[in-house]
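In the two complexes that follow, subunit A is the common piece, with subunit B as its partner first and subunit C second.
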Partner chain A sequence: MENKILKKDQIGKLYNELVGEYKFYAPKNHKGNISFEQIEKPEDILLDYLNSKIPPKSVLFPKMEVLFEYTLDDKDVEITDRQDLDEKTLIFGIRPCDAYSFELFANFFSSHGNVKDEIYLKKKENTTLIGIGCNTPRTTCFCTSVNGNPFKKDDMDLFLTDLGDSYLVEGISDKGKSLIERLSWLSNAKEADLKKSEELAKKAEEAIVTKIDAKGAVKILETSFEHPIWDEISEACVGCGTCAYLCPTCTCFDVIDETDQYNKRGRRIRIWDTCQSCLYTKETSGHNPRNTKIQRCRNRIMHKFSYYPKNYDLLGCVGCGRCVYLCPVNNDLRVILNKINKIEKKEEKKAVV
Partner chain B sequence: MSNPYIPYLTKVKSIVTENKVNDIKTIELEFKKEEEYKKFEYIPGQFAEISLIGKGECPIGIASSPTEEGTIKFTIKKMGTVTTGFHSSEIGDIIGVRGPCGNGWPVEDMKGKNIVVIGGGFAFSTLRSLVIYLLDEKHRKDYGDITVIYGNRDPGEVLYTDVLEEWKKRDDIKVVLTIDREAEGWTEEVGFVAPIVKKVAPSSDNAIAVVCGPPIMIKTTIAVMEELNWGPEQILNSLEARMKCGIGKCGRCNIGNKFICTDGPVFSLAELKELPDEY
Partner chain C sequence: MGIDTENQEIENSIREIAKKLLSENQVDVIIGYAEGTIPLSSTPIFIRKEEDVNKLIWNNLCYINLANYLVPLMPQLCDSEGNALKIGIVAKGCVGRAVNHLAVEKQVDLEKVKMIGIRCNGIVNRSKINLEIGEKEILEVSISGNDIIVKGKDWEKKFPYDQYINDLCKVCKVKSPSASNETCVGECEEIESIHDEFADVIDFESKSSEEKWNYIKEALEPCTLCYSCRQACPLCYCNLCFVDQNLPVWFGKTAELPDIIVFHLIRAFHLAGRCVACGACSSVCPVGIDLNMITRKLEKIVKDRYDFTSGLNAETLPPMMDFKMEDTEEFMLEED
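Now for the complex of A and B:
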């Protein structure tokens, strides 16, 4: 398949052609924050951005999502299932780290236990990702340390490279390739465009200077549950949960019934929840297995860098850096991982001396 | 596609108040659709997410045995919003049931073994399920000696007095009941569960013990059992945690890399020793 060129002034054309068939999501300035929103007019699509503050996980796993609706009769209950899961969704402009996070989501929602989260999986199946390589990664990005890359293409359907006035368009999956065929008005890419894209990819990879030994941390964490380092790591934390809410791989949720008593109907919803909240594990009896901040901070790090790798042989982090630059007390994950990596080295030193 | 968060609908068939202070009730549920009851195939030790639609959902161990066909039972202590709602429910009310969830007691692996069931207080519900299952005529021949040691604070707290009476009449099960302090009219053992276990001294030879109860009872009982030469792989516990989904998705019931809802709730003591002490 030949690579194509999409001129930046053709974004509106692309939108108009696909919006009838897909719910079209793209980065948008939403109340001062960049997030992936359903686009109503193509001018709203933001093209010049580093990454969204709110990860695009919110498209398939929104902050609040209806699980089912119900009506309450005096002595009966009627339940109505979701009817919208067959709708097709298109996410335009997703970054490689976030596209990879969708794979981690799908992995978790389909593998732990014998019941799959069909709500998420069905939506994912009906979603097309048109992603963009990161020409200028943020200083807080570290995807290359966690099996990612600013030009990682394999989790996308179509992959775009920003060449300045236009995008190089590559079909990655079959879904993406047939989409290219449909967009017959796209012009063919030239040899020079491909070369430029390769150069940009190389430059972007070099721009990510943070190098973390994540695999080393995974190994050390296996034996560091009781280590005093957790005291130090959690000291500054205020327990706000930003790191988890805005993490593209955090999947935890709470379930609540919202009932309109007057009209005798309601809905059971799920909302984002976080292991950083003290109420998250608090039982009705008052007992709380993770009653302290130390335990809660440890759980987040252990979950991504020990429990997740142990269960699925994958890291639970994509290196987007949101928890780094959005933490109000600058409790930097990169620093935390480096501290963990020093645990063993200290002990090795001891052993030699 | 099937939405895993939609419960089966059941109707309350009977309600039994289990204790004198009236904060524990057993609710028997009948599925609205027979085919859904057939799909709800469970073993003792599993739990379900049961809900009062409009109020919320919570995980409760299944107190009935699959051998008691036709209905399912849950023993519920009045604690929070949802359980208080269950306590106010009436015959014919609609209750949602999702499940069965969790691994349950390993009734297949327990075959050919002597079984010791040790329970304290209100935690006896899935033990009721297990013992009824073991005593069922289809299964009794598969298991060796069965010993039940069941302790409570006072006689008014003893659950399932009707089935306990039936068990005591049989000669293929040994039932030891105990209460913490002497009480008028009480003719059985007196003392905490751990010293009674020591007195009964169940043999660990070719045996499996299931231990359920408040944390302090479990701790002291396990200490006694270790003295009696029980190995950690022979002692099974059932854990609880705050849960929302019951199917390994909502995240909160993890202990280390395990989820109580899908990897448990039943863990052997040997397995628990490998996990962080965070439950």
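Now for the complex of A and C:
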């Protein structure tokens, strides 16, 4: 399959051609908050951006989602299931780290025996990802330390590289390749374009300045559950949900039943939830196994860097850095992981002496 | 004298006092600010050893209200028997107000808390600067003279300090803690009452109900319900927030705008006569929501009707916790 070129002034054309068939999502700037929104005017699409503040998980896993609605009379309950799950969705302009997070989501929602999150998985199946490489990663990005890369292509259907006034278009999956065939007006890429894209990819990888020994941390965490380091790590935390809500891999949700007894109807809703909330593990008896901030902060780190590797042989972090630069009190994940990595060194030293 | 020189002097005095308090065992731990790992930030730090006092800093990015860490008291600030340690706390004016107010509400024992008073020169409005810089990574922020200098790769932008501090800081009347030398070491003065014109609220007050409603709706639209505003608020210390109450459910928890508005407005009402105008709620909001116009309006109502300002001393009960038999309550049916 030949690589193609999409000129920047052809984005509108691409949008117009696909919007009838797909719900078209792309990054949009709303007063400094960039999130993936359903696009109504192609000029709202923002591709010259670092990364969205709200991760694109919000497209398939919005902060609030109605799972089903129901009506009831004296005898019967009638449930109306979601009708929109077969609709096709296209996410345009997604970054490699976030595209990878969709794989982690799908894995999580399908790997608990027979219990599968059909709503998420159905939507995921009907979603096409057109991603874009990161020419200028942030200094807080660390994807290369967690199995990622600013030009990681394999989680996308189509991969774009910003060449300046145009994008190099590469078909990655079969879905992506057939999409390229459909967009027959795309011009062919030249040798020089490919070369430039390779150079950009190399430069981008070099621009990732944050390096974290994630594997080392995974190993140390296996034996650090009771370590006093958690007292220190959790001290400044205020216990809000920013790190979890804006994390592309955090999957937790709460379920609410809303009943409108006057109109005899109701709906079951899921909303984002976070292990940082004191209610998260509170049991009906009143007992709370994670009653302190220390335990809750530990859970977030353990979940991503210990339970995830143990249960799925994956890391639960894609290195986007959102929790690093959006934490209200700058409780920096990079610092936390470095502190964890130092636990071992201290103990090794002791052993040598 | 530029802001940078002022900051340096404040920082030196914090370190000096902290060292003295720790060496004389007057306190067991000091809560202060440390350098953040990313530009436009700072991070709270807990210092227990004399040799660590140089990690304490002061600059105009010290936006967290440290009194937040006093209630509820975390295990790290208690001894092995669960009793509170003696705590030193770096206190700008609004931290002092919060400590006082928490003492009034019997949440803090002033015998156990020593304020390290400083005269705050205002906190940088982070979201305003972030908004103006847009999609470019900020690599360095410094204060030189009276300018905030923001640098990135191949670019630099200057922001005049007086225009880019929080709106609350622009009208602040309690820059250092209102406390006696007994509870506060360092800068402090006992303020009995303040005079405030509330000029910043007049414009909002003159809006029609519909305009006010639109203002609130528009401001709250991006809210993700992460509750960082509540979590960073020193006065939001309820064991169970009304919005988390689920037996029975009192308020909806969906992310639909009506539920979001109910949460924020009821939280604001709960802070009437209690808010200490520190602006931590807006400084920590990851999506840049600033509802301080509402809390200022509430502060004004409380001042007009009860001549009360929260946190000026550790004795006077706030209006919502107190009553007098001669209270006329003639405004009970007023609409505004």
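Here is the rule we use: the second predicted complex is superposed on the first by the 351 of 353 C-alpha atoms of A that agree within 3 Å, B and C clash if a C-alpha of one lies under 4 Å from a C-alpha of the other, contacts with A are read in each partner's own complex, and residues count from 1 in each chain.
Basically, a contact is a pair of C-beta atoms (placed from the backbone, for glycine too) under 8 Å apart; a residue touches a chain by one contact, two chains touch by 3 or more.
Computed from a prediction, not measured in an experiment: that's the story for all the values here.
Superimposing the complexes on subunit A yields a three-chain arrangement in which subunit B and subunit C fit side by side. After overlaying the two complexes on the shared chain, residue contacts for A:N149 are found with neither subunit B nor subunit C. When the two complexes are overlaid on their common chain A, residue A:S306 makes contact with subunit B while staying clear of subunit C. In the superposed model, A:V77 makes contact with subunit B only, not with subunit C. In the overlay built on the shared chain, the residue A:G113 is in contact with subunit B alone; subunit C does not reach it.
When both complexes are overlaid on chain A, the residue A:V335 reaches subunit C alone and has no touch with subunit B. Draw one line from the C-alpha centre of subunit A to that of subunit B and another to that of subunit C; the angle between them is 90°, to the nearest 10. Look at A:C252: by the touch rule set out above, it reaches subunit B but stays clear of subunit C. Minimum Cα-Cα distance between subunit B and subunit C in the superposed model: 5 Å. Subunit A uses residues 254, 256 to touch subunit B in one structure and subunit C in the other. Looking at the complex, you find that subunit C touches subunit A at residues 36-38, 41-46, 64, 68, 74-76, 127, 130-131, 134-137, 139, 221-222, 224-228, 230-232, 244, 246, 252-256, 283-288. Those residues of subunit A that touch subunit B in the complex are listed here as 67-68, 70, 72, 75-77, 79, 81-82, 85, 108-109, 112-119, 122, 225, 251-257, 259, 266, 268, 270, 273, 275, 280-285, 289-290, 295, 299, 302-303, 306-308, 310-311. Within the complex formed with subunit C, the subunit A residues making contact are 29-34, 46, 48-50, 53-54, 62-64, 136, 138-140, 231, 234-236, 238-242, 245-246, 254, 256, 258, 269, 271-272, 274, 277, 279, 292-294, 324-326, 328-332, 334-335. Against subunit A, in their complex, subunit B makes its touches with residues 1-7, 9, 51, 53-57, 79-80, 83, 92-94, 96, 240-242, 244-245, 247-257, 259, 261-262, 276, 278-279.
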